[in-house]
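Several structures are given next for inspection.
What follows is a pair of complexes built around subunit A, which joins subunit B in one and subunit C in the other.
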Partner chain A sequence: MIHKDAKVLLEVKGLRAKVSGTEIVKGLDLVVRAGEVHAIMGPNGSGKSTFAKALAGHPAYQVSGGTVAFEGKNLFEMTPEARSRAGLFLGFQYPVEIPGVSNSAFLRLAYNTVQAARGKDELDPLEFDDYVRAKMKLLEMDAAFLDRSVNEGFSGGEKKRNEILQMALLEPRLAILDETDSGLDIDALRVVASGVNRLVTADNAVVLVTHYQRMLNYIVPDYVHVMGSGRIIKTGGKALAEELEARGYDWVKAA
Partner chain B sequence: MSAVTASHPYVEALLKGYEIPRSGASWLNERRAHALERANALSVPTTRDEDWRFTDISQLIKTNFQPIASSSPPAMSEISAFVAPEAVLRLVFVDGVFAPVLSSTRGMSDGVVVTPLALAFGTHAAAIEPHLARHATFENDVFTALNTAYLRDGACVLIAKDRKCPAPVQLLHISIQKEAAVHPRCLVVAEAGAECTVIEDYVTLTDGAYFNNAVTEIVAGEGARVTHVRLQREAAGAFHIANCAVVLAKEAYYASHAISLGARLSRLNLNVLQQGEGVEVKLDGLALISGRQLADSHTLMDHARAHGKCQQLHKCIVGGGAHAVFNGKILVRPGAQLTDSAQQTRTLLLSDKARVDAKPQLEIFADDVKCAHGAAIGQIDAEQLFYLQSRGLSTESARNLLTYAFAAEVVDRIPVPSLVERLEKVVLAQTQAA
Partner chain C sequence: MSSVLENLVNQPYQHGFVTDIESDTAAKGLSEDTIRFISAKKNEPEWLLEFRLKAYRHWLTMTEPKWPNVKYPKIDFQDIIYYSAPKPKKLKSMDEVDPELLKTFEKLGVPMNERAKLAGVAVDVIFDSVSVATTYKQKLADVGIIFCSISEAVREHPELVRQYMGSVVPAGDNYYAALNSAVFTDGSFCFIPKGVKCPMELSTYFRINTESSGQFERTLIIAEEGSHVSYLEGCTAPKFDTNQLHAAVVELVAMDNAEIKYSTVQNWYAGDENGIGGIYNFVTKRGLCKGRNSKISWTQVETGSAITWKYPSCVLLGDDSIGEFYSVALTNHHQQADTGTKMVHIGKNTRSRIISKGISAGVSNNSYRGLVKIGQKAENARNYSQCDSMLIGSKCGANTFPYIQVQNSSSKVEHEATTSKIGEEQLFYFASRGIGAEEAVSMIINGFCRDVFQQLPMEFAVEATKLLGMKLEGSVG
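So, the complex of A and B:
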């Protein structure tokens, strides 16, 4: 929902970022206000995922220029964990498996760490169990996932549900969902999308990074941005996504 | 024969005050005398010996160990933290001396004998004689020879044919005297079809530089099932050298969970001999060390008969300037067809100065077998670390969690919940200190 005078959550100016010495993001500008849903689309290699990872502070992605303010604060002065505690969330394209750490222990540790950082009450294992089970129901996740190791042996769809579960628990101000739709069948996509829709409020915002338009049938964006060669080359509304689906990306570059 | 004519001054020092026991069955006296002879003849290994290439025990040799002074055992309250509540039967040894007041031998079910060896020599000689000092060979091992020469007492677990010991048995060895040289001994015999879980546990109430030279023999008869949890949590300045010989009859099952946490220098030789067809073996190992510790684990899976299965996982977590050694040998003898033996060793190095020497060894003399080994050495995975940080965890707590997870694969498989819980805490405490 667009409100022109809503609070600015994220302000990216002229961002440049490198991966192993190669510049992938080359002067990106973006403003995200509370209540908005943005979609960042673009062909492979256009810099979408690099942008997402640089925002979250992945050590392999070096910021080489520009500024990013998150709720007015310099994001690049914050460690990845400080960004998370401040309310930035990255839903991973490929969530890593962590054998030996139970999902329930991980989720509770993450939840309590972020709660404590925000001056809110932590939950003991029993309280947390009730809390997380309620959230899992919304995502139609089997409670058995709590006892398994983090993402270990999860299918693609299960991993993505687990990402959205974390988003639901951590209640970020800004969630960047990197290719959350990839690897999902149509039923899983609907469940994940409805989970995301439930989490969007007037106080937070979502940036969907996606290659395809299909998720945007379920999560309707306020803005659609097209990335090419490391910057946003076109911005429009929902109709732009449909046009991209019909015509591909080449015409945008040409235009 | 005199005790103090050893070829090696160090062995001589360790044999100082040695007296040949006057009593005892003739078979036992013969074995002790033979062991003493070998101890006198053998020299202490150095890094020039292939089996000790990475493990320099010169510090052990420099320490002047004292004989055991007789002292009153600690109070129960001092050791209660070491007691596994699941173990109904418990034998406690303080500096190698049986402590009846700390032990619990009541409630032995029919066919289950858990008793000090010194008693069992009189009551169960027929069951012990074929095994004691027969499997842990001392002809070429000075430490086993010393232990055997000193054999007076120890832990004895006998499970009769087709009997099952319903709860784990804990054999708790407590060190309290600084600079003591102690020779703990354990014998476990599970007859055909018998079942038991034994916790062999080395703990300390001192921070001294004492020396535990342990020997354990485990015999599993046809179809018997033995689970062996071995916890080495010695003092940081201690020396721990252990030889464990396991002998398996046809279709026996043996599972080992060997955890090394303590000691300045520790060495475990775990030799498993498959004497009958169709055995099943699981060997789990974990060394978690830091500072200047050295933990060496030498294992031998000897498939002397056909249709043996073995799965081995050995893990090391090495912090500070510590040094882990793993030598895992799988031997498939001629005729041991359809052996299925797999070994994995993985090491997590937590610092630039940490070191590991991992040496898998396959020697295969049969042509229809399946054997595999793998060795991996690495640091904390950067992607896993970032994933946890992106969920708000500090670098430190993310590293701790990942280190713990690495250990958990071995720790969580220990079938004694109270030990799992305690080890989880130890692992977390040690990773936080590393």
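So, the complex of A and C:
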């Protein structure tokens, strides 16, 4: 939902970022206000994922220029965990497996850490169990996931649901979902998308990083940005995504 | 009455702390004279002196084991003082204790009244902890359990000591066991009579005089028919010691239907971050399941010492007996550990279970070494071994050396091993959910060690969890 005078959550100016010495993001500008849904699209290698990881603070991605303000604060002065506590969320394209750590213990620690940072009450294991089960129901997730190790042996779709479950628990101000639709069959995509839709309010925002427009049939973006060579080269509405689907990316580059 | 008490309380402490050091300390070096000196100082019976001398003569013919996967400069055995009378406690109040140590107690949650004792402050002033020890001793005596120092046992129960000492770890068993047999100074003795279930966890902590057991410690635990005991050794608080070489011997004997559970948390000085200093911990621990249906279970959490060389073992002699080994060995900085177990199946239907978790960080080296031996007559013997290694960072090492010898075709031996690594991606995943690196590592490690921690007595398990987290502080990120 676009409100021109809504609060600015994220302001990216001239961002440059490197991975193992090679510059991938080369001068990216983006403004995200509360209540908005943005889609960042683009061909492989255009810098979409690098942008997402640089924002979250992945140590392998070095910021080499530009500024990012998150709710008015300099994002790059914050550690990755501080960014999360401040309300930035990254939904991973390939969530890592953590053997031996139970999903329920992990989710509770994450939840309580962020709650504490917001000055809110933490939940004990029994309270949390009720809370998380209610959230899982919305995502049509089996409660058995709580007893398994974090992401270990999860199918691609199960991992993505687990990501959205974390988003639901942490209630971020800004969620960046990196290729959340990849690896999902059509039913799973519908469930995950409706989960995301339920979480979008007038106070928060979502940035969907995606290669295909099919997810945008379920989560309707206010803005669609096309990335090429490390920058946003075209911005439009939902119609742009459909045009990209029909014509591919080459015509944007040529323009 | 009250004035009598007052007088008693106000009396100056008669025994004093200052002793004539010269006459109570043996000269440096090891010879038959040193051994006679130790034995004489302790007023030992002739048979024990003979035991020591025999061990010493055998030791002279032996050479240091070279097979462990550890490196250290050659030890000069003539440069060690083998007998020193209990040292006076140096510190008078908590104000004199190293603030770093106090900080550690704080982090570990060691109760206030126990901190003084652990820090080496004279505890005479702390009435609580002394009376706790006394009460426990009385409670044990009521059910016929003997729990005292080895020296006291030699005086009060010589027939038991003579019968069992060296029966599980013979004096000439290995280089360091032989050395210990020749020069041991003190340790613990525990005897659980027939049919008695020990009413509490026995801990060296509640045995007075434990501070002076020194670098060559000797422990002997005997569980008579149908008895049951759980014994705790060590402490999660750091233990500082100026002696570099420690060579202890622990012997356990379990008769028919008896059960001994032996838990250790070892946190000796590991040397500094550059590998300077630290204890060499060369220990021989062995349990004999002598009776039918007996059970011996070792649980260890090894986090300290510059070098750890120990293989708590079970000899499963009695039919249907069970041996268990649960181990977490953590090495950081320049620490080296070569540890594991031996399960020797002799009786029929004997079973053993090995769960070993090795964690390496820094530039440390961590090896699991284990032997499973199934003898000719061990019909239907079973063993299950699981050895998991975890690496933190990319400069440490982990090795697994399993030895399996099977001489009976009806037996079944299983071995599983895994190696995993705490990587950048995992830590970033935690961070992106608000969780810092140290908490993340602690969570991963606790998950990794869960099967072993479950075996520890409750409070120990909580402390061990904190201890591992502390030991790894600063090793990630």
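Simple rule for what comes next: the second predicted complex is superposed on the first by the 255 of 255 C-alpha atoms of A that agree within 3 Å, B and C clash if a C-alpha of one lies under 4 Å from a C-alpha of the other, contacts with A are read in each partner's own complex, and residues count from 1 in each chain.
Convention: a contact is a pair of C-beta atoms (placed from the backbone, for glycine too) under 8 Å apart; a residue touches a chain by one contact, two chains touch by 3 or more.
Not measured: the values here are computed from a predicted model.
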{"item": "Clash or fit, subunit B versus subunit C on superposed subunit A", "value": "clash"}
{"item": "Touched partner set for A:167, first subunit B, second subunit C, both or neither", "value": "neither"}
{"item": "First, second, both or neither for A:192, with subunit B first and subunit C second", "value": "neither"}
{"item": "Contacts of A:95 with subunit B and subunit C, given as first, second, both or neither", "value": "both"}
{"item": "Which superposed partner A:30 touches (first subunit B, second subunit C, both, neither)", "value": "neither"}
{"item": "Which of subunit B and subunit C A:216 touches, first, second, both or neither", "value": "neither"}
{"item": "Intersection of subunit A interface sets (partners subunit B, subunit C)", "value": "56-60, 79-81, 83-85, 89-90, 92, 95-96, 98-101, 106, 109-110, 113-114, 117, 149, 166, 170"}
{"item": "Residues of subunit B that touch subunit A when the two form their complex", "value": "381-384, 386-395, 397-398, 401-402, 404-409, 412"}
{"item": "In the complex with subunit C, residue positions of subunit A that touch it", "value": "56-60, 79-81, 83-85, 89-90, 92, 95-96, 98-102, 105-106, 109-110, 113-114, 117, 149, 166, 170"}
{"item": "Of subunit A, residues touching subunit B in the complex", "value": "56-60, 79-81, 83-85, 89-90, 92, 95-96, 98-101, 106, 109-110, 113-114, 117, 149, 166, 170"}
{"item": "Residue ranges of subunit C touching subunit A (in the complex, touch as defined)", "value": "420, 423-426, 428-436, 439, 443-444, 447-448, 450"}
